[in-house]
Amino acid sequence: MKIVVCIKQVPNTTETKINPNTNTFIREGVESTINSFDYYAIEEGLRLKEKYGGTVTVISMGPPQSIKALREALSYGIDNAVLLSCKQFAGADTLATSYTLATAIKKMDADIILLGKQTSDGNTGQVGPQLAEFLNIRHITNICGVERVNKGESVIIEKLIEDGVLVLKSNLPIVLTVIKDINKPRFPTLKGRIRAKKIDIPIWDADSMIFDPGKIGINGSPTTVQKIFRPSNIGGKGKIFAGTLEENVENLLYELRNDRKVL
Amino acid sequence: MKSDFIIIGAGIAGASAAYELAGEGKVILLERESWLAYHSTGRSAAVFMETYGNKTVRGLTRGSSDFYLNPPEGFSEVPLFHSRGALFLATEEQNDLIHQQFEEMKNDIDSLEFIKSEEIKKLVPIMNNDLFKAGIYESSAKDLDAHEIHQGYIRGLNEKGGKLVMNCEVHSINQKNGVWYVSTTAGEFNAPIIINAAGAWADEIASLAGVRKIGLEAKKRTVMYIDMDEYNISKWPYVGDISETFYFKPDAGKLFFSPCDEIPITPCDAKPNDLDVAIAINTVEIATDLEVKSVDHSMAGLRSFVADRAPVVGQDAENPNFFWLVGQGGYGFQTAPALARCCHALVTGGQFPMDLEKLGVDPQSLSPNRISLERS
Amino acid sequence: MVKNNINDYSGIAIYAEQKNGKLHSVVPELIGIAKTLGKNLENNKIKVILLGKKIERLEKELFSYGVDQVLLVDKPGLDFFHEDSYTTLITEIIQEIKPEIFLGGATNLGRSIFPRVSAKLLTGLTADCTELEIDETSKLLKQTRPAFGGNVMATIITKNHRPQMATVRPNVFSPAIEDRSLEGEVIDMSYINIPASEFELIEYRQEVTGTKTLEEADVIVAVGRGIRGADSLPLINELTNKLNGAVAGSRAAVDAGWVPYHSQIGQTGKTVNPGLYLAFGISGAIQHVIGMRSSEVVVAINTDPNADIFKIADYGIVGNLFDVIPEMINRLNILGGINESN
C-alpha cells in the first residue's frame, strides 16, 4: 500500500511577537517544529504500514529549512521524504499550496494521503480538502480512527462530528485529515535518527515537474493578507462584576446566556 | 520611578530577595516577561533534598528548611512542603562511592538510610535490579509547592509596600552620583542599589551596567512526562543515580523524567530538542524495566552555574552599589529562603545569619569576588 | 490563474446547513451579517442554498429572516454525510447564480465542503472569520480571522477572484430577527443531476450526553487549589451537570488527587478551547493558561483580586467559590436549565 503524509514546519512558539512597525512576525530566535497535528498523521501512516505493508512517504512544501522537519519525520520510520521548495512556490495561500502538493503527489500513485486537521499557525484546515480536489479524489476530514483498509480498494473510517462519530466506508484513493488523539505518536529511536541522517531528501522545484505558473506561489493565491494585528482581548479587557453576590451571579449568567451565547 | 532598591528579575531569587528587603525601604521588582515564572522558576523539579549539591548548597538548603516548614503568618494558606522521599542508586562499580557519600552525610542528615538491592525493588518496582545494587534513601526529602512559594513571596512583597513591574525589558543601566538609572520598556527607574537576580540573563544585565561579568553559564536540561497508567506511582520517591545521569519523580500522575543533561546554551525560552528526548528515552529504558513507546509532553529549562557551581550573593568589589544574587543552578527553590536572608544581610550591611554560618555558609563562600569563580 | 470576470458576480449567497430537517444555529447569524454587509453593496440580494432530503418547511423559516431567494435541492441521496454530492451541487449552483460573496458556517461540515468548493471554483476562501466588513473604497470583503491559536488576528482579502468565500464561527454574529410576514422566492433546482455519493454510512454513533471528553466539551468547569479539598467536588459536579459540561483541573488539583490525571489542563496536560471555561480557585500561572487561553469565553472566580487569571478572563468575580457556586446553581434553577445548542 502506498501512503503519503503531508506535513508542515511551523514556528515552535506559544508566544508570538509582532514587529509593530512592519506588522510582520518576528521570526528570529524562534525555533521550528513539525506542526503538532501532523505528528498524528505521521503515526497513523506508520501504523497503517505496519498493519498492511507498503511504504510511507512524507512530503512538505516550504522554505529550505523545512528539510529539518522532513528529517525528523524520517527518524520515526518513514521510508522517504520529498521537499517542495523554491522561490516560485513562496507566498502561497492554501489553494496554491494544495495545487503544488497535488502536482507532486500525482506522481506517487498514493492509496491514502494523510494530513493533520490544521496547522498551528494558519489554523484553517483547508489544505486537505483542496488537495483532494486537485487530485480529483475523495476526502474525509476529522478522522478519529481508521478501522480497516481493504487493500487497494476501500477503507472504513471513523469521523468525529459535533454529536458523535460517523463510521463511513469509502473507496480508495482518499485524502484523510486526522484529529489529535486518533493515536499516540511514537518517539524517534536513536537508531531511527541515525538512519534518517543517511537518507537523501530530494528537493523539487518549479522545474522538477510541470507546474502551471499561474497556480503556484503568489500568482496562484486568490487570498492575500492585508494586515495582522493583536486582538484587543489579550492583556485582559475582562469585566469584573463588583456588586453583591446575587447581583454578580445574575449579571454574569445574563451576559453568558444573552450576549456571549455560551450557556 | 524612584526607590531604595531595584531588583532585576522576578523569579524565585528576585522575588524572595524583594520580600526580605521590603521592610528596609521601597523595593521595585522588575520582570521582563508578561507572565510570572515563565522561565526556570516555572520549570523547576521543585524538590527539597538536603543531600543535593555541594557543601555550600547543602548548608543553604538546610538553612531554608525552617522557612518552608513554618512560613511567616499569612505567607500561604497551604503547606509548602509535601513528603516525597528520595532514593539515590549506585551500580556495582559505584559501590565505594556510595559508601563514601553515605559516611559524609549521615551525621548531618538524620533521615538517611543505606539500602540494599531487594529493598530498592520494593520501593520502586520498575528499577533495573541487574544494574543497581545499593542505594541511599533520604526519607525526609520533600516536594516543594513551587508555585505557592513564588506567589507567597510576591504577595508578601505587595503587602509590605513593594512593587512588581511586568513587561519590563531593561535597555540601559547608567550610574550617576551614586544612583543607578535603569531604562526599560515599562518606564524609567532609579535607586542607589541594584540587585541582579536576572537568572540566566544576569551577565547580560551586568554588561548593561558596566559591571564585569561573573562568568555565568546557562545549561539546558530536558524533561519529559511519561504516562504511567498501569502503575500507582503517587507514593514513589524521587529516584536518581549518584552520578546524576538521570532522575525521575511522580508528577500529577505522570513520571517526570530527566536524563540530567546540561547543554550549554545562550539564555532563551528553552525548548527540548528531539534528539535529547530520544536520549532520555534510551536512558529510562536502561535504568528501568519501562518500555517507552510514546511521551506525553517534553520541555526544557535552564539551570545557570558559575565556575565553582555554588551560588553568588553579595556586593561586587568594583561596583559597591551592584549586588549579585545568581548561579543557583538546579537548587534555586531549595535554597531560596536562606539565600534571600543572606542577600538581605549583605545589602543592608547587617549581621550575617548565624544559623547559616553554623551550617557552613559564610559571606566568603558566596562572594562574587571569590577566586574560585575565575572571573576574567 | 484564470481570473473570473469579477463584474459578472453580484449579490450574496449563503449555504444553509441543516440536519434532519433542522437549520444549524449559525444560519440566522449568517443571514444577519449578510444583511449588514448588504448595506454597503450595490446588489444586496441574499440567496440561500438549501440542500437535503425532506426539508420543505425550512424555506418559510429562511424567509422569515429576510432572504430574497431560496435555491432548493430536495431529493434522496442527500444525507448530511454525503459531502461529495453536496460539494458538486453547491459548485454548480454557485456557477449559475454568480454571487460576489458566498458565506457558510465554520462547522464540521463547513470546514470540509467549503475548501473543496473553493478549489473547484479556483477562488479564495477564508475560514473561521470573526469579523466581516465591506471596504469603503474597494468594496472588497475584508475577512478577519484568528491565527497562531488566537494570538494574532489577520485580515484577508480576495481581490481578483469570485466569489469571495468565507466561513464564520457559530455564536460570533448576531442572528437576523425573525419576521413571519416576510416572503421570498423559491427556486427549485432539484433537476440538477449529480453522481451518487461515494460514501457509505456503516454506523452513526450518537453520543450519550455526559460522556463528552474535554476536547469536545462546550463548557468546562476547571478547579484549582482554591477548592481546598475533595469535599468540594459534589458541589462542583452539581454545577457542571447543570451546565452540561465537563470537569477539569489545574496541575495542583490533579496532584492533590481531586481530579483525574487525564483531566489536567495546562502545559503538561491538555489544551482545550471550549465555548465557556469557568476557572474556580485557579490563580492563572502561565503553565495553566497556555492550556486554555483560546477558550472562547473565560470566567474566573477567585478570592485574590490580583490573581493572574483575571488578566485573561472575559468575566470575573472576586469572591469565594463556595458562595458563588451555590448562587449560580440557584439562579440556573430559576432560569430553567440550559438550552441545548445543536
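Letters are used for the chains, namely A, B and C, taken in the order the chains are written, and counting of residues starts over at 1 for each.
As a working rule, contacts are C-beta pairs under 8 Å (C-beta built on N, C-alpha and C of every residue); 3 or more make two chains touch, one makes a residue touch a chain.
As the structure is a prediction and not an experimental result, all values here were calculated from the model.
Colleague: Tell me which has more C-beta contacts between its two chains, A-B or A-C.
Modeller: Most C-beta pairs in contact, of the two: A-C.
Colleague: Most central chain by CA mean?
Modeller: Located nearest the centre of all protein C-alpha atoms is chain A.
Colleague: Report the inter-centroid distance (CA atoms only) between chain B and chain C in whole Å.
Modeller: That pair's centroid distance is 45 Å.
Colleague: Take the average of all CA coordinates in chain A, do the same for chain B, and state the distance between these two points in whole angstrom.
Modeller: Result: the chain centres lie 39 Å from each other.
Colleague: What whole-Å value do you get for the distance between chain A and chain C if each is reduced to the mean of its CA atoms?
Modeller: 21
Colleague: Quick one: which residues in chain B touch 2 or more of the other chains?
Modeller: none
Colleague: Would you mind listing the residues of chain A that make contact with two or more other chains?
Modeller: 15
Colleague: Of all residues in chain B, which touch chain A in the complex?
Modeller: 268-269, 271, 274-275, 277-279, 281-282, 292-295
Colleague: Quick check: in the complex, which residue numbers of chain A touch chain C?
Modeller: 14-16, 18, 25, 93-95, 98, 120-130, 132-134, 138-142, 156, 159-171, 180-181, 212, 214-215, 219-231, 233-242, 245-246, 248-250, 252-253, 255-257, 260-263
Colleague: Along chain C, where are the residues that touch chain B in the complex?
Modeller: 225, 251-252, 254-255, 257, 260-261, 264, 267-269, 283, 285-287, 289, 304, 306, 308
Colleague: What part of chain B is in contact with chain C in the complex they form?
Modeller: 35-38, 42, 78, 145, 147-148, 151, 155, 158, 225, 234, 251-254, 296-297, 299
Colleague: Under the stated contact criterion, what part of chain A meets chain B in this complex?
Modeller: 12-13, 15, 29, 31, 72, 75, 184-190, 192-193
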